[in-house]
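Here come two complexes built around chain A, the first alongside chain B, the second alongside chain C.
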Partner chain A sequence: MMASTIRGALRDNRALWAFGVLALTWLAAIIFAQGFNSVASVHYLVQTASFLGIVAVGQTLVVMMSGIDLSVSAVVALSAVVCAQVSAGSGGAVAILTALAVSVLVGLVNAAGLIWLRLPPMVMTLATGTVIAGALLIYTNGSPRSAQIPLLDSLANGSVAGIPLATILWLAIAAAAVWLLHLSRLGRYAFALGTSEPASRASGVPVPVTTFVMYAACALLAGVAGLVLLGFTGTSSLTMGNPYQLLSIASVVLGGTSILGGRGHLLGTVAGALLLTLLTALLVAWNLSEGLRQVSLGLLIIVLLLVYARERRTT
Partner chain B sequence: MTLLNVERVSKSFAGVTVLREVSFDIQAGEVLALVGENGAGKSTVLSLITGLLTPDSGTIRYDGEPVRAWSPHRARAAGVASVHQELSLNPHQSVAENVFLGAWPSRYGLVRQGDLVARARPLLERVGLDVDPRTPAGRLPLGAQQLVELAKALTADPRLLILDEATSALDDDQVRAVFRVVDDLRERGRSVVIVSHRMGELLTVSDRLTVLKDGEVMATRRRDETDHDDLVRLMVGRELSDLFPAKAAPDSPQADPVLRAAGLSIPGACAGVDLELRPGRIIGLGGLQGQGQREVLRALFGLRHHSGQTEVDGRPRRLASPREAIRRGIAYVPEDRKTEGLHVVRSVRANLALPSLRVLAPARALTTVSRRRENELVEELIRRMQVKTASPAQEVRRLSGGNQQKVALAKWLPARPRVLLLAEPTRGIDVGTKREIYHLLRELADEGMAVLVTSGDTMELVGLCDEVLVMYEGAVVERLAGAELTEERLVHASVVGHSTAEETSRA
Partner chain C sequence: MRNRLETAVRLSGRAARGNLDLVGLCGLLVVVLVVYQRLDPTLLEPATITILSAQFLPLILAAVGQTIVMLTGGIDLSLGAVLSLGMAVFVINTADGTMSVVTAMVIALAVTVLAGAANGALVAYAGLPPIIVTLAASFLWGGVTLIVLPQPGGHVPTGLVRAYNLGWYGLALPAIAIAVALVLWKVVKTTRFGLTLYAVGGNEHGAFANGVNTRRVKIVAYGLAGLFTGLAGIGLAIQTGSGDPTIGTPYTLNSIAAAVLGGISFFGGIGQMRGTLLGALLLGLLTNLLLFTGISTFYQMILQGVVLVAAVAVKTLATRERVA
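Showing the complex of A and B:
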């Protein structure tokens, strides 16, 4: 009886699994690999994880309502490129605000396409992503600028009490997202939409408002990630967002959230992003070639999904 | 000859006994009815026969041999076929493709459409279905889809056919077609197990009836030894005389209508429907299946585009979306409770709280949902409706049909709707829960709610409603109230398509 209760709790709480697997992997890394036992390595890991983590938090909001955002990689680049471009003429503050506003706009366009054109999220967001990528090419003539914006620089590279500012920002964002998704009315609507759209409509769930807020928030967070990255590297590029596209979705799913929506916890995504960053670092530490690294990461993701994040068969 | 023998079979789930030493048998060429309330163990018995579950103890003999390693696959191979209330058709494939699903006749690996259609025709005819086999199955009304399921089950020429609530979505004509199939099977020495909540049907078609209550067999009766009252007594262990509550006094002063529709039309579904819903009254929409009753309800709840006037409290109001309808105080309990009425994979708590979130998470609390008030609300509803659930955290799909329906209805109550629209409120629900729902609806009406019900069950409409509008091909052809509201008049108008009064004046 006791055992089955525990098993049931574990099955229903895949976010907890994500933290467990993260802890085990970390432990294994400290024991079996070199260089994972120092404070500096932890510092570096949580700092790099926060770029992916911020994008993944946004992705969670959308996946939970049974959507998906494939424009995040383009928005990361968009926000960084726009910020770098604008800051040259009008200064840092204006540049940051412009970049964030443009990012939110992309989210609103995504939501509008889903609601009014009734396009499937995968198609709509992929299309906006493609449009943005092309538009950026035109806007920058193929050569985006570098920019030194002090605020972004300290945000990305600075620390408070030994904790990277980027990580603090990430955790603050995650806390706000936990409220939005798990404590607020809108979050309940997102969960309801994620489990059944017809039932949600027939229960009076405000589908448009929920969609607009969640997609705008997702795009905003991709924009924030782009800015932090700009501060981190000091330069913008057209492809800087690419790694975050699929890894953000992988973080969500490894965090125990159902890719079909309606089930999971946002904190799982935090563990998922840390786990993926840690795995990448491990593969680097083992001196695998870039190709082998990608192959192994892909296989590891599959294995982990099989261990605890498989979709339930519905009966 | 005995085809199937169930001997002292017991089954329990997680320590809860659902079947206790159940024994019965089915002869070749016999129709056996399994009768019992929801949760009596009928589904479990059927799952044991079809190999979905294995018994904890006891034996099942099929064709004289104890079954070993019984599985759905083996059961099918041995000639067991079943039709369930839940549809398993692929809506985008044609009727013919669905009928032969998994066993498409092919030549050199190619399925020939013409061949498929030609083979499907006689099967469809046999179940009394007059449709083009090339129609996508999803386009057919629910009842017709159910008949396609039956045709599908007949393809393998089963020795034992299981009909599990397979007639609940059918109108009287369709039910008769099913019974012709059953009679035909019986004559050819095949056996049928039938489960239905429509007692009248069972008493017509079956040879013997086995009554289950709380997982035990109460009795097995020959058809000529029993009647409706006897069966109900065995099922519920008491007399059930007050199934329907008392109606509103017919001469009581009528309040102004809350919701009025005039000339309500939906292309292809209904035309020129006028109706008035008044506080304290329960109005029924009757007629054969698929005459536009369902669409009228969906239009009033803003789920179907419609033309015509709609007025709430005497003011013209557009009801263009469920949210607008809800804002005007209209609530809707759909017939399809598993896709539209409920979030079945979410908890009882989440389902009950969903329509009340505006109150539970007001703007001044920054829309944060108050856990405490949510729990209070949910517990109050569970208590009031007597929903049988292990806890508020239980997933709704784990509840029995009757309890699911209670949740689908209860979730609207905190918002105190003024108009309640219900489609087939008691379909597939046991008689005890039916009674509870009828009494609750009357209670709500007495508190001043206006209620509109569609139902394919004539007895229900006559017993529950103050007035019944009969629909035929999308139009209201008869309005029956008071002494005129009888099963005979209702059935007559449903079938003939015009009122009895017209007929007498014409004669």
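Showing the complex of A and C:
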């Protein structure tokens, strides 16, 4: 009885699985690998996980309504490059606001394409991503700047009570997103859209508003991640967002959210991003070559997905 | 009887609509070709055709592979990695000159077919959506490529590179390769497998209920996509004369763009290979046109994005009313 309840809970709550796997992996890392048992290592892990984590939280918002945002990588670079470029002339605060405004604009354009042009999310976000990458080349003439913005620097590298500020920002964003997705009315609409778009349209879900808010939020978060990254590295580059395109989607799915939408929990994504960062750190600690590292990461993702992220065959 | 007639009418209506799309694409292609001819009067000379076909071959063949996967209702995000893998395996085997080029090709193709079939097996048996499987597989095959060829290098026999890019006794080898590949697809399409490919993409449960081994169809489809992707990688290696472990990455999204431009549905079962061919040609020619106009190549990415959105939007908006 007890066992079957637990089994039922596990089957229905794949986000819990993500936290379980994360705990096990971390335990294994502490026991079997060197250098994962210190406070400093935990500090560094949660700090580096926050860059991916912030993008992945945004990605969760759109995946839940059975969308996908392939332009996040471009937006990460866009926000950092724009911020670095503008700060040279007008100072940090203006630069940050401009970067965030441009990011939100990209999200709005994505949503507009989905709603008014009826494009599949993959095509639309892929296209905006390509356009942004090209626009950045023209804007920077191929050589983006570096920038030292004190606010971003302390945000990315500072800590309060031993917890990195970047991580605190990430968790605060995650909390806000939990409210948006799981407690607000718009969130319920997003879940409805993810389960069945025709049914939600028929029952009066305001599709345009939901789409605009979720895609704008996703792009905004990618922009925030770009700014934190800019603060962390002190320099912007045209390719700095590239890893986040696939990794953010992988975090969402490893966090137990169905890529088809409508099922999952945002907190699972937090575990997913931590898990991916931990796995990457482990592979680096084992001194594997770049190629072997990628192979192992790919295989590990496949195995983990097989363990707990399979779609039920009833659909 | 009435029912069957209605179905027939509806089907022919659908066919006409499909052809209308293709007519539109053809018209666009003709316009682009005319503009191209004005900017480059040598367009129809054999040397230009050889160079252009060598340049377009990788995208065309990659798009053919992507189309096969998309027809089953799937998508292959690992295509770029598999393309690089085929290229890497090919160039390390031709590098020392002891192995014949044909053997190296066969080995490279065997590797890419196996990689594709492995993707297909995961999609068919694991109950994971294709987008996720191939996403994880893109790490996997990208890593294998880096192990095979850690940095750009390798070597393709110079004679072959010259013959391929400059013509061989006046023959445009890349154009012939594209034609052979398309004929191969045509043959595959007429087999029972070709029919079941469309059936699985159109209605998987229906196909299964009618006795189609849907799992095997998917594995073969992804394997076949691996074959065409591998050919694209080999073509790219011969065109450039060496290998590069990360050169394939843009082909993932460009192949999807070409297929979507050509009218292949994301949901599977709908679309024709000639559409994909037109889509890939259009993308390639437009990119070249930009080079001629002298604007910075930086603009080519913007143009690609805009063309993709415009083409798909026009198609969706034009067909929506008739569906609704």
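Going forward, the second predicted complex is superposed on the first by the 314 of 315 C-alpha atoms of A that agree within 3 Å, B and C clash if a C-alpha of one lies under 4 Å from a C-alpha of the other, contacts with A are read in each partner's own complex, and residues count from 1 in each chain.
The criterion applied here is as follows: contacts are C-beta pairs under 8 Å (C-beta built on N, C-alpha and C of every residue); 3 or more make two chains touch, one makes a residue touch a chain.
Predicted, not measured: the structure shown is a model, and the values here were computed from it.
> Figure out whether A:Val205 sits in contact with chain B (first) or chain C (second), or with both, or with neither.
A:Val205: touches chain B, not chain C.
> Pick one for A:Ala133: touches chain B only (first), chain C only (second), both, or neither.
The answer is second: A:Ala133 touches chain C but not chain B.
> Of the two partners chain B and chain C, indicate the one touching more residues belonging to chain A.
Partner with more touched residues of chain A: C.
> Which partner does A:Phe19 reach: the first (chain B), the second (chain C), both, or neither?
neither
> Between chain B (first) and chain C (second), which, if any, makes contact with A:Leu186: first, second, both or neither?
First partner only.
> Return first, second, both or neither, reflecting whether A:Phe232 touches chain B, chain C, both chains, or no partner chain.
In the superposition, A:Phe232 contacts neither chain B nor chain C.
> If we overlay the two complexes on their shared chain A, which of chain B and chain C does A:Ser196 touch? Say first, second, both or neither.
In the superposition, A:Ser196 contacts chain B only.
> In the overlay, answer first, second, both or neither for which of chain B and chain C A:Gly262 touches.
first
> So, does A:Tyr244 touch the first partner chain B, the second partner chain C, both, or neither?
neither
> Does chain B (first) or chain C (second) touch A:Arg293, or do both, or does neither?
Touch partner of A:Arg293: chain C, not chain B.
> Which stretch or stretches of chain A touch chain C in the complex?
68, 70, 113, 117-120, 122-124, 126-131, 133-135, 137-138, 142, 246, 249-250, 253, 259-260, 289-299, 301-302, 305-306, 309-313
> Touching residues of chain A toward chain B in the complex: what are they?
Going by the criterion above, the answer is residues 1, 4, 179, 183-186, 188-189, 191-192, 195-196, 198-206, 262-263, 314.
> Given the complex with chain A, which residues does chain C contribute to the contact?
Listed in rising order, the residues of chain C that touch chain A are 75, 77, 122, 126-129, 131-133, 135-148, 150, 253, 256-257, 260, 266, 296, 298-306, 308-309, 312-313, 316-317, 320.
> Which stretch or stretches of chain B touch chain A in the complex?
Touch residues, chain B against chain A: 14-15, 301, 303, 322-323, 326, 332, 334, 339-346, 350, 353-355, 357-358, 360-361, 366-369, 411.
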